[in-house]
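There are structures below to look over.
Shared chain: subunit A. Partners: subunit B in the first complex, subunit C in the second.
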Partner chain A sequence: MNTFGYKMSAPRSINMDTADLSVAHRILDLEPTFRLCISCGGCTSTCTAGNFTEFNIREINLLLRRGQLDTLEKALENCMFCGKCYLACPHGVNTRNVILLMKEQLQEWKQSKTTTL
Partner chain B sequence: MNYFDIFVIPFYIGTIFLFSVLIIKFLQWFIQIPKSGKKLIWKNIFSTKTLKSSRECFSECLLHLRIFRKNLRLGYMHTSIAFGWFMLIVVGKFQSTAATGEWIEPLHLAIFLKYFPVGESFRYAYLFGFLMDFFLLLVLSGLLVAIAKRIRPKVTGMKRPTKHTAFDKVALVSLWAIFPLRLLAESFTSGLNHNGHFLTGTLGKFFDLFLPLDLLQYPTWWAYSLALGVFFCVMPFSRYMHIFTEIELVFLRNWGLKTEDQLGGFANFELHACSRCGMCIDVCQLSTAAKINDVQSVYFLRGERHHTLSRKLTNNCLMCGRCEEVCPVRIKTNQHRLLTRTSPFETEGHRYDYLQPPQAPPKGEVCDSTTEQEHSVTTAFASHPPFRGGLGGLSYFAGCMTHLTPSIKTSMIKIFEKAGIPYTFIDEQDGVCCGRPMMLSGAKEAAQKMIAFNQKVIEESQAQLLVTSCPICYKFFKENYQLDIPVMHHTEYINMLIQEKKIKLHKTAEKYIYHDPCELGRLSGVYEEPRTILKKTGILVSIPDEREDAFCCGGSLANTEINYAERGNIVREAIQALCAADPDYLVTACPLCKKTFNKENVIPVKDIAEVVAGRL
Partner chain C sequence: MEQEKKILVAGGGPGGLETANTLARMGFKVEIVEKEETTGGHLKEWHQLFPNFRDASDVMEELRQRSQHPNISICYNEAILDVKRVNGHFESLTSKKRIIESDAVVMATGFDAFDAERKEEFGYGVYPNVITSVELEKMLREDGKVTTTDGRVPERVAIVHCVGSRDEKVGNFYCSRVCCICGVKQAIEIRKHHPETRVTNFYMDMRMSGQYFEELYRESQERWGVYYVRGRISEASGMMDGKIRVKAEDTLIAKPVTLTVDLLVLMTGIEASKTTKELSKKLEIESDYGFFRPRDRHYDDQHSPIDGIFLVGTAKGPATVKETLADARAAAQRVWEFFESKNV
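Presenting the complex of A and B:
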């Protein structure tokens, strides 16, 4: 029996083989500037909603790309859409459209999930 | 005498169809107007507003003076066709009455009089003949300009005319056919009868030399009647619906109606009053700078009217208001865009738990206390730091964008302190967005949460006066918040301080160009105060495109569709225009404009508060 290596906590594991990346791909196609994100965190540091909550735009990028869509949807509920992140972004990512698209696409994703069930 | 011929039937079919559709549509829209709107109509119908409306109908629906002021050749085109055609009908009616001696006579007689043997011996026959020829010539000259405009838009000083749908083109051709056919029909008849005036008479004699007029005359009258019939039938469904709708719109608007929080009713009158003249295209910076030519107001309103709106059409707009300013019909397109935007932010869920005020929820808000306790969220309100400074006087709200351009808020603090004004900085830490950016995305309910929060903060600060540095917040505080205290933008406040001699400025020889922020200028009407201040601190230079015609900086939060490069083009176009006056500083009064201009880094950009703080 293999007794070395790291222990994986099941609830925290992210299996990229089974992750649903369809939403991520669609959003990256619809808003190509999102590919320019270098995860510098400028957006997060200026975020109005981030002052009060755990809301973290840099993190939602990760959540999306890992297919953690339920967590992503919860996180997005905090955004006030004020646009500071867009002005802070050094790479000109259209963050507001990214948020808008995420919300739209997640709604569609949820609908398709309920219809297939 | 028999004044009837079978060729008038297409004309009658068209007329009856047109007016039936018009009556049905107008009644439908009128019923949709809410009770409060109808009350306004009854209140104002017997007032000078009705007289004013009649005058406006004459000057705008017929003479098109607003277009004349913007563009002479385009104005001539619209006036000659509209006024000329109107006069042809009016003079034609008087002419037929003079000829038959009857006031009540078949409708077609005024239109087709020349065909019928009425003779030339009635009163003022010469004058009537002259006038009819003159107005026909006027219409034809306008038609020539219209045709030239289609071939080469630059002839009329337009860069991009509207791209019409196939159906609108059919309507256009039938309209264009009416007047040359009338000219030919009248000329042929005049040639046969050896009468007519300077236009129809001369042409008639000319045609008589080489054409078999007796053969051509009857089919030409048929063609004329058919063209009228076809045009009247397609009119209510084409852009020419504006001809009759604009009249109702002028009256309803002057009686106090406007598109507020719902479409339908008055909004329908606005929608159908758009003639798709295309004047909004040439002023739209998305068109001039970003080369996006299919989302302008004319296309948006067409999409809204024919239910073919797309995400791009509704969302790709800066909402800068330049198109509203140039619109000859004065349609408030921004409000239509706002109402047609559907935001995913409006979905249900525990949104903004952190914004819930800890006390009783504000009016109209449903708040379940048990769920509130279950979620035990630390609300922003509970964690809101104590206010600095004394309460009950001036409350200063910097706004999100001002926090991104901190030199503006430090300048404001310097000004307050220099003037010895006690102030409460209500969003120094943990400020919440005013809600307008959310509202601009179409999410009214979500924005309401932010409104409720900030309203509470303003109340808690016991403000007597609210000053903000952000024109976006300013407009929203004034129009969407229920505040019973005055709200001032910092330009208005600084100007007041100068007038009250609370601060004194040193004048220098620096040259400033002032950029009117859309939200402060066009959308809130503050033009004078910033200029008065700048004249006291230096030399204010100007460019032709300012005040109502000012450019948008390109940073607008209303547009989520355009990309970085397109936005950059808009910013550069605005900077280029502003720098034409060769200023030392580009001064603006909006943190968002400042931030946007600064990205291009062409000329030093300052907010008016910084200029003032530097001259104290």
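Presenting the complex of A and C:
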């Protein structure tokens, strides 16, 4: 069998033109403090889950705002809702509520996708 | 040209001194009221200035020499408590219960360094080897030797940026502007004196806002090998041996990092001084965070909303020494214009 040839790789880049930001907008409206994140990483630094798993609470903000919802959903499974991140945040972002909202809104978003299909 | 007007300058730091010096040369009689034993304000706590490592004492000396002017009198250990406008002139009450009469008042009441104990997670006041940038500067000024509390040269030092700045938890949304470059400067100074010491700066954003600041930041990496980690330290813990263990996220790698250091230096931000806060509130010319409010930020930045009360330097918000000196000369010009317009 001939194994020689070209392979197509899907582009790694995030396409901001087609990114679905509807969930992001809804969550930013429901928890306006989330707009204040400056990506300092104080939350990740103190996060118990983040010190033992791949979970990165700072990054989920960006995943959401770039419409990376599939990656986001998986990441959220690691959060234990301890709320330490909320204490560390210099901008008073209610990170705990943000995670909760993400879980809820992602469920709704998935349901709306299946119903329209 | 001799003027008959008398100006009261509240505060004898760089802003107050330079305003007084310029006014005196214009011919005005000036009385400086300084709350401490000597003039100079925070400048006298400093060793060298960014970005060119000019000796602070050199700048200080120049200011003091110029203030040896027959038109200038200086009162020490005295603070202005209140200013009242009476029949077109001012009567100011001092802490020595004196009333000073003047035709105009210049508020050069400056700033206080942020009280680092308010950010409990950094352990200032709890762990002896957690110090502020002001305390590091004191070591540099005294003999240049940077040491831990037990007198050792530290193997590792971490510098924390934005302590008390950009921080909603302490009510300071603003950026203090000068700490970034000060952190770079102090990192270089540690490396100069102790080439074996590793210095790591933890920052959220490096804001090199002034001329030659970016060049110094570059030099710190190129020539002095200063390490930079983009991430805010979330907590500092004291170890049994007196070292400090810090936790942050290296946000560019997206992983938590820990680092054990012998000395942790907190870049405390600029806050309105106690006097600035009290006077701006009392006179109802306060802006955000207790700083004074100018009447027009572009065209009348040195005049307060009250006719005849002028504002200089860090009493209005974070500023460098250079900016404060320029502002002081502008304020003197505004004072002169104020009386000119009255003569017409």
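By definition in this document, the second predicted complex is superposed on the first by the 106 of 117 C-alpha atoms of A that agree within 3 Å, B and C clash if a C-alpha of one lies under 4 Å from a C-alpha of the other, contacts with A are read in each partner's own complex, and residues count from 1 in each chain.
Basically, contacts are C-beta pairs under 8 Å (C-beta built on N, C-alpha and C of every residue); 3 or more make two chains touch, one makes a residue touch a chain.
As the structure is a computational prediction, the values presented were derived from the model and not from experiment.
S.K.: Specify the outcome, clash or fit, for subunit B and subunit C once both structures are aligned onto subunit A.
M.R.: Partners fit side by side after overlay.
S.K.: Figure out whether A:Thr44 sits in contact with subunit B (first) or subunit C (second), or with both, or with neither.
M.R.: Second partner only.
S.K.: If we overlay the two complexes on their shared chain A, which of subunit B and subunit C does A:Ala88 touch? Say first, second, both or neither.
M.R.: In the superposition, A:Ala88 touches subunit B and subunit C alike.
S.K.: I'd like to know which partner A:Arg96 touches here: subunit B for first, subunit C for second, both or neither.
M.R.: First partner only.
S.K.: So in the superposed three-chain picture, is A:Gln107 touching just subunit B, just subunit C, both, or none of them (first/second/both/neither)?
M.R.: Only subunit B; A:Gln107 stays clear of subunit C.
S.K.: Going by the contact rule set out at the top, does A:Asn56 touch subunit B (first), subunit C (second), both, or neither?
M.R.: Only subunit C; A:Asn56 stays clear of subunit B.
S.K.: Tell me the contact category for A:Gln68 with respect to subunit B and subunit C: first, second, both or neither.
M.R.: neither
S.K.: Once both structures are aligned on chain A, how many angstrom separate the closest C-alpha atoms of subunit B and subunit C?
M.R.: 6
S.K.: Give me the intersection of subunit A's contacts with subunit B and its contacts with subunit C, in residue numbers.
M.R.: Touching subunit B in the first complex and subunit C in the second, residues 46, 51, 88, 92 of subunit A appear in both lists.
S.K.: Quick check on the complex: what are the subunit A residues that touch subunit C?
M.R.: Result: residues 36, 38-47, 50-51, 56, 58-59, 88-92 of subunit A touch subunit C.
S.K.: Would you mind writing out the residues of subunit A in touch with subunit B in their complex?
M.R.: The contact residues of subunit A facing subunit B are 32-33, 46, 48-49, 51-53, 77-84, 87-88, 92, 94, 96-97, 100, 103-104, 107.
S.K.: Mind pulling up the subunit B residues that touch subunit A in the complex?
M.R.: Of all residues in subunit B, those touching subunit A are 343-345, 347, 349-352, 354-355, 378-380, 383, 400-401, 403-404, 430-433, 435, 437-438, 441, 443, 446, 450, 555, 557, 560-561, 563-564, 592, 595-596.
S.K.: Where on subunit C is subunit A touching in the complex?
M.R.: Touching subunit A: residues 121, 162, 166-169, 204-205, 230-235, 247-251, 254-257 of subunit C.
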